[in-house]
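Below are structures written as structure tokens.
Shared between the two complexes below is subunit A, which pairs with subunit B and subunit C, respectively.
== the complex of A and B ==
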């Protein structure tokens, strides 16, 4: 977990992004509006976008939402290298959905493009949430603002903290197998067998680690009663306005789709 | 905790249930991430008849069935699958929120079967039925989000193959995995361990 906010003296820095309690070590730049938005607001915005776009097949409205999501990228505080890394698979997903719906669907090219753009418009907000939110902040916001059950949320957060450990164990398993002379060489069947063995060993390792972690959490009184919060997830006016803006955008997107005559309910 | 005056409930969640299921979910989040790449890489092989790629779906349903088998508690299947979905999104799966909703749908499908048995049957039959049911919710969700323009015959083929994949890979696979995990002793703090009775 990150350092408690009270222990960090403010050396005369103005209260801005860097004074944010419980945040990631590197403060987001002032332009990173999306990184400073409460994760609960971002999750809610992504959820209402999904609900609003799911029942309708509309290339125009979906394109409006997708464009708005892309317009937020410069304000996400995500580095260009990361954007390129995620952008490739993202575009590939959209393209493959479009091609499959076009070649094998009943709706013709326009609806195929609509299906691809719609799926990307649904996916992008969630990707933005994941890229711009610190996992600890996200868990705090979900528990304190959206009243998600605390024990499961903290459990997932704890498991997330184990992932770097699992990566290290994966490397160790690889080295151990190499030391024992188990190498696949050019044999793909042997490669699959070694991979499956390593994956199973990792699963065993992770269950043992999780069991010990649970014991340690029990010893510290986890889940025995009401918890207080070291980090407060603050909701600002900007977060409310962010949600209002999302709702307005979704209404406008549907209105534009209806006006353009491309709006139709799914499977109708 | 008031565990002294009454025996621990068969249905109440302990910390170890939550953390181990979340950890198993996290490992499968990694697996999903690799499987997503594999799925995209081999999709050309299935291009002749795209619904046939549904045979690969079962791997995404594994944590739901396996989570149920490990903890044997209400909500275990749902929780493990959602945890896997959340972790795979935080690791950078490009489906975003759609993946988490899909995780909910898949977990709920498996959960429904375990609930229907009153959380009392955990054999191969129940596991395969849970895989089939998780496959059914997956089919519904995938057709609505990804392939809404497909003709009905494609949709039916997709549904049937997903069900088979769910039964074999997720149902059968979970039973084998659970047996193997029990043999290693890693599940010692769970009811299914030899001599364990919680």
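== the complex of A and C ==
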């Protein structure tokens, strides 16, 4: 790999530091472990965790994986406020699964807790990937490391830019209904009608916006053939070790579950 | 791939019909452009200027973005125009829909990646292009954090980095505030002087760009080329005709009939209003920033008030507060005088129906406020809600359609109208409660934005009549001509507060100065 100025120093490539694209900017602040890990490694780790946990009902093993995931939080570099914001719905999801299993399941409270823990253990890696990966880095990793096709990866990346735009358009549509004298008040039928009208208007706008963006991408030669890559999605030894560690953890979790006698295949 | 120099363009009897349309967008267009020429492409709105640029950029055709049928020949460098990435660069109006990547450098690199330029050659060209457009930040800068003018500069950098032989510019300043437009115009002037590329520019505000070009080609609305030659010659020979078609020309600013405003009592008052940016979605979202930090403003009857300030300064926010559509985080917006007799509650607490009868709002994107499937229903909507009798509604709507020149389009979906038609309809919907029921206050967000001179003039004359009737007009605007010709009070918003500039030594309630006719 050459000392390319495009290498994102944050990935910790050996030549990164002197070649920050921003020019003479100071060295970037040290990034948290999970943020430094190549997104492709994180995606793979999340996928093997799901594959390993999905076919098995095992409160003990799931608890080990969940605990390991939670133990990674301090190394995720995600701000505490954001963690709380994302963590709330996450805990709510786990709690509701637990309550439903407890009330309607036939396994008693222990299995209900087990079901909640299992689901959260499967979901947490995905949440961590989303929260700790820069979208650009993620797209680069998917294309360069996991050989995903360019078009969907870059398309999704471009579409991400439009989300705040759509949110602003939705707010304007809401104000405009009021300006026209439309208000649902306490009438649910009117609320549904107003919502449908706004959704249609937003759909029209977003299709138009998307079309224009696609045209701009085409005009810059996107999709005409082989692409080169301005940024290197660097794969370090630590990324390999991260995957090895995940595999070891999953084996250990299953072993513990079998030893504790709580391990059980789903639908068996 | 040939680099450097400009491309030759040749059209012979060229035409284009969009898929699913009966009529030709363009027809019988013939001209030749020499390498390195700088051409301004003019024509009335709907003459197909953008379509022509898209075709030159190779975006039209069966396996491309724009489907349709072609007629005649279009050659770029002697070959049929097709997608030849890197040779032709296109810059469109809205930078928002042209930026692809989250970071500035990555975006400038995007086109080079598509050309499969090796990595070690990408970054020197990216930095060169960023320097060339005077991009003030590093390559790591988030594209979301840029102003409109900076975004458009970055778009141009991304195009220049590819080293195009033909540079197509489709109203590159149309969506920018005056500061942003100035930034981009400076850049265009420098680029035009430096590059050897052939340049084809579409721009409504001709006066701003006429010095950059050495040739003007005017497309006729029905098809063919109306005029072709040096700018001075074309404007001397065809100026009157172009002006009649709504083209903005140097020394031919529109001259509307503007009766003076009578002035009147204050109707709405905003006191010490504070607002913050809305909550953003996503884990990476930043905190909420203050927009207005204590804005106080009054809106008087019979007066045209303009809210000015840079993009993002809070003009639209203040307009929405004064319109009673949004509520401030702190401070209040109260009806005053005659309007307080309707209800003394803060405006944002008014029932939507009551608010719409007394305070009308016209949005910048007219589509935002269309709520029915046909033009006729759109105009029926308000009088129906105001309790007007059926036959009265029909005759009133027919009259409105006639006045707006929309009779032929009465049954089409409002979204399918042209820009000028949408603008006329959106203003009409706010006024359509009937002759006796027009709202006391009419607020408009960038009402003249992107309009040709014909719609501009109609709009100003309509607003002037409303003002003469004693209604309050409030406009968030950048339009300096609108400020000069129609505005009584300018409220400039700066750093979240409202200042009255020295140039506007007029007070809200005072009678308007005489319209400054020359």
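Everything below uses one rule, namely that the second predicted complex is superposed on the first by the 236 of 268 C-alpha atoms of A that agree within 3 Å, B and C clash if a C-alpha of one lies under 4 Å from a C-alpha of the other, contacts with A are read in each partner's own complex, and residues count from 1 in each chain.
The working rule: a residue touches a chain if its C-beta (ideal position, glycine included) is under 8 Å from a C-beta of that chain, and two chains touch if they have at least 3 such contacts.
Being a predicted model, the structure only gives us computed values, none of them experimental.
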item: Which of subunit B and subunit C A:213 touches, first, second, both or neither; value: both
item: First (subunit B), second (subunit C), both or neither touched by A:78; value: second
item: Partner chain in contact with A:183 - subunit B first, subunit C second, else both or neither; value: second
item: Which superposed partner A:124 touches (first subunit B, second subunit C, both, neither); value: first
item: Subunit B versus subunit C as contact partner of A:46, first or second or both or neither; value: first
item: First (subunit B), second (subunit C), both or neither touched by A:165; value: second
item: First, second, both or neither for A:86, with subunit B first and subunit C second; value: both
item: Partner chain in contact with A:57 - subunit B first, subunit C second, else both or neither; value: first
item: Touched partner set for A:252, first subunit B, second subunit C, both or neither; value: neither
item: Contacts on subunit A seen with subunit B and repeated with subunit C across the two complexes; value: 85-86, 130-131, 135, 158, 160, 163, 204, 209, 211, 213-215, 217-218, 222-224
item: Touching residues (chain side subunit C, partner subunit A) in the complex; value: 54, 57, 59, 64-66, 83, 85-86, 88-90, 92, 94, 96-103, 105-106, 109-120, 122-124, 126-127, 138-141, 143-144, 158-159, 162, 278, 280-283, 320, 323, 325-326, 351-353, 355-357, 360-361, 363, 365, 367-371, 381-382, 385, 415, 429-430
item: Of all residues in subunit B, those that touch subunit A in their complex; value: 1, 13-16, 18-27, 30-31, 37, 40, 43, 50, 79, 83, 86-87, 89-92, 94-101, 144-151, 154, 177, 180-181, 184, 186-189
item: Residues of subunit A touching subunit B in the complex; value: 43, 46-47, 49-50, 54, 57, 85-86, 89-90, 92-93, 96-97, 100-101, 104-107, 111-112, 115, 119, 122-131, 135, 151-152, 155-156, 158-160, 162-163, 166, 199-200, 202-204, 206-211, 213-215, 217-218, 222-224, 266-267
item: Contact footprint of subunit C on subunit A as seen in their complex; value: 2, 4-6, 20-23, 25, 78, 82, 85-86, 130-131, 134-136, 154, 157-158, 160-161, 163-165, 167-169, 171-173, 175-183, 197, 201, 204-205, 209, 211-232
